[in-house]
Structures are given as C-alpha cells and as structure tokens.
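There are structures below to look over.
Both of the next two complexes hold chain A, though its partner changes from chain B to chain C.
== the complex of A and B ==
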C-alpha cells in the first residue's frame, strides 16, 4: 500500500471512536474473521491503527478498498462536515425516465472526458439515495484522495447535496450532474447545514406538515386530552390560533435540525432615531444570524408560546416553505424582497 | 373600560375559583394541576390567563372569581410590566383581600432583587400579600399550591373561623420597611 493509501486509512480510523470501529470493519468485509478477532479495541488508538494497516497489507488491499471503507463510514455517519444543497431546474421531457445505470454511465463518462485523472465511486443506498465520491486530479496529477467530494442525489427529485467541493471543480461537477440527470441547469439552493439528514428531511418534506384548513380539529383534539375539566383557559382560542400558525409555518412534531439562518440586509436605514443614518444613499449593511441546536423547533416554540407576535413573518416561514437558510433582503418598491442568484440564468425571486 | 369586579356574580355552592395570571404561561399549568389535585373538600375551578383584561366572550361562562393571583417571574422585565398594566383593569374592590402576588426566581442574580423591591412596593401600595415560590421542582409547586389554597379558602368564605378576606389581607399584606427603601 502506498503512502497516500495508508494516510487515508489512518485518517478514517483515527476519527472513529473505538467502539464503532468493529462494526465498520465488519460491514466493510475485507478483513478475515481471524484478523477481526485479533484486534483488541481496548488498546490505544495508534495501536489499533497499526494493526489494521498491517492486516490490510497482508490482504494486499489497495486504494479502491480503502475508499470503499471511507464511503461506508460517511454513509453511516452522514451528519459530519458541511453540506450544501443545489437545485436542478428545467427538466427535459425524459428526465423522469433516467435510471441508475444510465445516470452512472453518463456521469462517469462526462467527468472522465473532461479531466484525465479522476476517481469516481457510486453507491446506491437502500433508501434510494445515490452516494458519489469524487477524488479530483487534473491532467498531470493523480487524484487526491485526501480531499474527496461527496455528492448525494435522490433520483427523480431535483435536489443534490454536496459536501467538500472547491470552486475550481464546481463547474465540472455541475455540468456532469446536469447532463446525467437530463436537466437544463443547476442553481445554488442557499441551504447549508452540518447535518445531511436535516437537509434531506427539510427539502424532501420528510417532516409532518400542517396545511391551513377551515377546521383546525386535529391540533385541538390533541390539546384538550390532558386538561382537567376544572381548569379553564381564558385565552384558549388565541392559544389555539397561535399553535396552528406556528405548526403551519414550521411543521408539527420533531422538525429537521437546522442550525443557522442568515439574513443579509442590503436595505436603507429606516429607523426613527438618528436621521443622519437614514439620509444616506448607500445601504445600511447588516447580517442577522439565528443560531440554535434545533432552529425550527425554537422558532415554532417562540410563535406558539406568544413570545413572537403572530402571524409568522414570511421572512421566517420562508425557511421551510422555500427550503433555504440564506437570504438577501433588498429594498424593492413598497415591500421587501429577496434575490437568489442562479448559476446559469440570473433570476429574481420575491418573497 | 370593563373592569373585573369581584362581587358582580353569585357564588356557587361549595366552589371556589382562582384566577392565575402569568404572561409566560410557565408555572400556570403546573400550579393549576397541583391545586386541582390537592383539594378534596370542595370544588376548585382554576382559570388561566396571560393578562387582563379578560376576553369579553368568556364573561357569561366564567364563574365568580374569588382570588386573583398574579405570577411574576423576576428574571423577566416584561413579566413585571405586564402585571403592572393588568392591575389597571381591576376594580378597586378587588384589592380588599382578593389579590395576591406570587413571585418566582427570587434568589437568582442581582436584577431580581431590584425587581423584587419594586414589586413589594407595588404590593404594599395595594395592600396585598406577596408569596415567593420555587417552580422548578415538584415539591416547590405543591407547596405553592397548598399556600394558595389556604388563602383561597378564606377569600371564598369557606374558612370555619369566619375569617374574612379583608382581615386576612391586613395580616398578610406586604409591608415595605425602611431598610428596603434605602436600597
């Protein structure tokens, strides 16, 4: 095994806590049963790493097997690193007929055609997600396996989740995705989180949504069960209304765990105090950043408990309705609107 | 402006009603559960509100309120301000023994001491008692519920010794001593 292979293996094993290494190696299925039994997980980490490296050399494993191990590790622990969402647009007529094998061939063919040295690995997970690992090289250098890009795509949806992509390689990846999925363009989704599961749940709507309807019976029934008949609420109707509003905006039950929402202001100052600030021509630039361990749950609680006055401002409900957490707010006519920059064609969206 | 009056309705037999007013709605429901489960001798109705004035729609169905408890969380400035504005919606008859203040988090931090002093001055000017409660443990909530029930019994006229609410409040009302005023 060459130096790069050992360093990749080193890095993977060092990151995992000792108790999880055994499961991962079993899933990987490249070490024999005797070797697995011989590993003692109570020893210090560097001892385990050395043993694993020596077993891999015994079995004559190469970079392909090690990258397989890395992929398995990432698939099992999707909530590491920073993930960004992109959205495919302008689907062509036969986009719904794209199958896995076709996607694979087209994707690999395009990238191999553009870059001479590149290493691509595709895996389909049981929940219909395609995981792609790309180690980039260029026309003269071998692929760098220490900084791979990971891409997750669910076929026939328009979302792609990308981690660890540099600006240099962005254009190649985007071209390949657009061609392989038979769409016209791809644009930045303005959503980035640490947790892939949260991002997936939000965009693919895997949380419990509440839609506005004339009878908000569902939420009412849940509420009145726990209350004693002697306890009466004066502001019960208001409470119900607030709960309904908050659930419509942010979902019911456990919501996807977003961590931040960022609003970049490019508006003119409109306060009543200091007039010198308001008369200027240039923008009053500011950035408002919400951080939390569970942002959507906190916002929902703010609205439901009455800390924030309802109705929910569209700036906040846009997080779930549009699936983004980065917004640019500009002055446009009588109201405020936000602009999203697209990759291929500049388009303006109003909130 | 419709004020909340204590004597405008007829009392029900063997029933007492307490109104808990709290703008955060944190301690309210726990206290309500504790009160309702504690009292076995007579019926207790608990009404929960965030602030006064109470919605007009409920006026018909609302029973006569025997005791109004204002719950103030000393960690929040908004809590105290909300109570001050709610007090203006009470008829002055209420202050003859039917209003009580319940304070939480009285021992945390320095801002709470200032707020406690201002609340005590407010209570003293209205001649009402101030209770301190500990709301984070179940025992604390139960203890507060028992104390409120004792006051409620007198306010609803159920005390066997024929103690009136006015007499009790003159015994328990908050007083502002001179060393508090020096702070």
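== the complex of A and C ==
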C-alpha cells in the first residue's frame, strides 16, 4: 500500500468514534473474521489505525478497496461536510427514459474523455440514490484521493447534491451531469446545508405538505390543557387559522432540519430617522442570517403561536416553496424572478 | 262524617286505612286525567306525522321527476297550495344538486354539470371508483389548489395536490407530486394553452403512476416467490426473477417496460432464460402475452395457478 492509500485510510479511521469502527469494517467486508476479532476497540485510536493498516497490507488491499471504505462511510454518515444543491433544467424528451447503466456509462465516458487522470466510483444505494465519488487529477498528475468530490443524484429528478467541489473542476462535473442526464443546463440551487438528509428531505419533499382544501381540517395533534368541558377557547378560530397558515408555509410534522437562511440586502435605506443615510445613492448593504438547530420548526412555531404576524411573508415561505436558503433582496420590485423582492405586498388570505 | 265516626270507632289503624283508601281514589283520577291528555297528544302527533309523510312523498316524487326529466304537473301538490309546491320544489332541487356534488367529488369530472344525463352517467361509474380531482379556489381567486385522487382496482391510493398561481399567467406555485415525475415538461407543453387538458393528462399520468406502484406492492405481497430485481421511482421498468416449474427449477427473468407513462400496463415484455427451449415454449409465449394484457400481480398469480412458476 503506498503512502497516499495509507494516509486516506488513516484519515477515515481517525474520524470515526471507536465504537462505530467495527460496524463499518464489517460492512466493508475486506478483512477476515479473525482479523476483525483481533482488533481491540478499547485501545487508543492510533493503535487501532496501525492494526488496520497492517491487516490491509496483509490482505494486499489497494486504493480501490480503501476508496470503497470511504464511500461506505460517507453513505452511512451523510451529514458531514457542507453540501450544495444544483438543479438541472431543460429536460430533453427522453430524459425520463435514462437508465442507471446508461447514466453511468455516459458520465464516466465524458469525464474520462476530458481529464486524463481521474478516478470515478459510482454506487447505487437502496433508496434509489446514486452516489458518485470523484478524485480529480489532471493531464500530468495522478488523482488526488485526499480531496474527493461527492455527488448524490436521484435519477429522473432534477436535483444534484454536491460536496467538496473546487471551482476548477466545477465545469467538468456540470458538463458530465448535463450530458448523462439528458438535460440542457444546470444551475446553482442556492441551498447549502451541513446535513444532506435535510437537503434531500426539503427538495425531494419528504415532509408532509399541507394544501388548502375544502374538505380537510388539520387535526390538533398536540392537545393542550383545555380539554375540560367548562373551559372554552375564546380565540379558537384565530388559533386554527394561524395553525393552518403556518402548516401551509412550513409543512406539518417534523420538518427538514435546515440550520440557516441568509438574506443579502441590496436595497436603499428607507428609515425615517437619519436622512443622510437615505439620501445616498449607494445600497445599504447588509446580511440577515437566521440560525437555528431546526429553522423550519422554529419559523412554524413563530407563526402558529402568533409571535410573527400572518400572513406568512413570501420571503420566509420561499424557503420551502422554492427550496433555497440564500436570497438576494433588491429594490427592483416583484418582476425579478430569481430573487425575492422586499416590495412584494403580503398576499391576502381568506379563510 | 259518618265514615269518620266509623273509623274513629275502629281505632288509629282503621283511620290510617281510610286515609289510604281516600288517597288511592284521588290518584286513580289523576291517572285517568293523564292518560286522557296523553291520548290526545298521540292523536295530534300522528296527524302531524301523516302530514310530514305526505310532504316528503311530494318532494320525493318531484325529485324523481326531475331526475327522469318528466314534466312537472300542478296536480301533484295542488292540494297544498302554490307556496307549498314552491317549497317542495326547492327542497327537491337542493337534494338533487347535493347528490350530484357528491358524485362529482368522487369522480372529479371537471366539466360543469349539464343535466340529469350527467348524473346517470356518474351513477354507472361510481361503483368502479376511478380517481378524479377537485379544484378549490383560494385567496380571492388569485390561486387555486387542485387535488388529484388516485385509485386502482377500487382501492383509493394517494392524493397529490398542485397549487396554481392565477395572477398573471397560470403557473404552478407548489405541489407534492413525486420529484421524479416530469411535471415541468408536462406543464411547459399544455398548461398555458389548455388548463383542462393539462389537468386531465396530469390526472391520467398520476393515476397510472399510482397504479404501477400499487402493482409492485401487491406483487411483493401476494407473490412472494418472485423477486423484484430492478425498479425505479417512476416504475417505468420492472425486472422480475421467477422460478419456472419443471424437473429442474430454472430461473426466468421477465423484463416489463412501461414505455407509455400514462398507462398502467407494460408496452413491452421480454422473457429471458438460460434454457432457450423453455423461453420459446408456447406456455411462456402465453405468459408473455398475459403480462402484456393484465396487471403484473394478476398475471403472476394466474401463472402460479397454472403451474408455470412456483
């Protein structure tokens, strides 16, 4: 095993807490049962690492096996690193017929055609997700396995999730994706999170959405104290209305765990106090950042409890509706489609 | 007075017995009075009941006449007077329209209700319960929400909703249709030109998707011996591994391709087996056509019953 292989292995095992190493090695299935039994997980990490490296050398494992281990680790722990979403656009007519083998062939063929030294690994997970690991080299250097890019794509959807991609390689990856999925273009999704699960839940709509419907009523799942027959809710209707509004905007039940939403302001100052600020021609630049361990849950609670006044402003509901968490707000008015405008009047809701 | 003197002579117990006799007499009177009033009340209630029965009969006959499209005659309710006739007519129409509305909700025919003919047509389709859709207008007409109900073989499956923004041009603002479904390309093709056609096509495709998904579920549930080798979110291809029953059980790979996503039956079925004789046999040719013509789970159950597969 060469130096790069050993360092990659080293890095993987150092990241995992000792108690999870055993499961991962079992899933990997490259070490024999005796070797697995010989490992003592109560020893310090560096001892375990050394043992694993010596076992791998015994079994004559090479970079292919180690990268497989790394992929298994990432698939099991998708919420590491920072993920960005991209959206494919302009689907061609036969985009729906693209099959897994076709996708794999086209993707690999394109990348191998443009870069001489590159290592690509594709794996289909049981939940229909295709995981791709790319170690980039160039025409003179071998692939660098210490900084691989991970890409996750669900076939037939228009979303691609990317982690750890440098600007230099972005264009190659985008081209390959567009060709392999039979679309016309790919653009930035303006959504980045630490948790791939949250991103997938939001974009693939794996949370329960609520739509205005003549025949349904949201059930009060959290039954509060007032179930006593002598206690009547004076503002029951208002509460119900606020609850309906909040669930329509942010979903019902557990929402995807987004952590931040960033609004970059490029607007002119409009306050009544200091006129010198308002007279200037240049923008009053600012960044508003919402942070939370569960952003959508907290926003929903704000609206449902009455802390934030309804109807829900489109600036906030755009997080779930458009599936993004980075917005640039300008003064131009509601004509600009890709940006949420500060000028939009709150929409009237009748109930 | 005499009886009083008598009882006085018989002592305290005698006195008490006399009082008791007196009380009983008064209660009997009270009872008879009460029974008289109750009888009178019963008579009035019966009369009222008969009147209401007559009234509902009138309304029912009017409604039947509306349904059958027969002309209404004045003699039907002439006895009660013109105002009564009007009232009965209104009630009859209201009941009729409510029935139609319910039928619409179940079937989801987007065309406006034309006449009784539509109602009769609805009546014949309701037992087979195909999926339909309803449209709800909200935000003072600025947006509308369409709910598509899907069903397959009489079983109601999922409901998908699409919210349309009607302010400038008709656009989809949000939806809960599965992301692998080509909603954007469908919308690009037909939404702006013809809303009704778009909703019809979408309803048809969503129903077909739900039907294909349900077939895969039923297959896994009912025919446990068949293994699903490959499938995808859109259920556009299904690869099954069956075990053919012969002296030596052989594996047969059936590939079902659903080329038309608006249909719940495959467009192409191919059978592969190591033993070329088996895959070319008339029995398997018949199985191939069975898989083309009927839903996957029914075809496989038939094949198992006929002994082709285990």
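Definition applied: the second predicted complex is superposed on the first by the 322 of 351 C-alpha atoms of A that agree within 3 Å, B and C clash if a C-alpha of one lies under 4 Å from a C-alpha of the other, contacts with A are read in each partner's own complex, and residues count from 1 in each chain.
As a working rule, a residue touches a chain if its C-beta (ideal position, glycine included) is under 8 Å from a C-beta of that chain, and two chains touch if they have at least 3 such contacts.
In this text the structure is predicted, and so the values were computed from the model without any measurement.
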| item | value |
| --- | --- |
| Contacts of A:57 with chain B and chain C, given as first, second, both or neither | neither |
| Touching partner for A:232 - first (chain B), second (chain C), both, neither | first |
| Partner chain(s) touched by A:79 [first = chain B, second = chain C, both, neither] | neither |
| Dominant contact partner of chain A by residue count, chain C or chain B | C |
| First (chain B), second (chain C), both or neither touched by A:305 | first |
| Residues of chain A at both interfaces, chain B in one complex, chain C in the other | none |
| Touching residues on chain B, where the partner in the complex is chain A | 19, 24-25, 29, 32-33, 36, 43-50, 54-55, 57-58, 62 |
| Touching residues (chain side chain A, partner chain B) in the complex | 228, 230-235, 237, 305-306 |
| Touching residues (chain side chain C, partner chain A) in the complex | 105, 134, 136, 138-140, 142, 145, 147, 161, 163, 173-174, 176, 178-180, 182, 184-185, 232-234, 236-237, 261 |
| Residues of chain A defined as touching chain C within the complex | 91, 93, 95-97, 99, 128, 154-159, 203-205, 209, 211-215, 321, 347-350 |
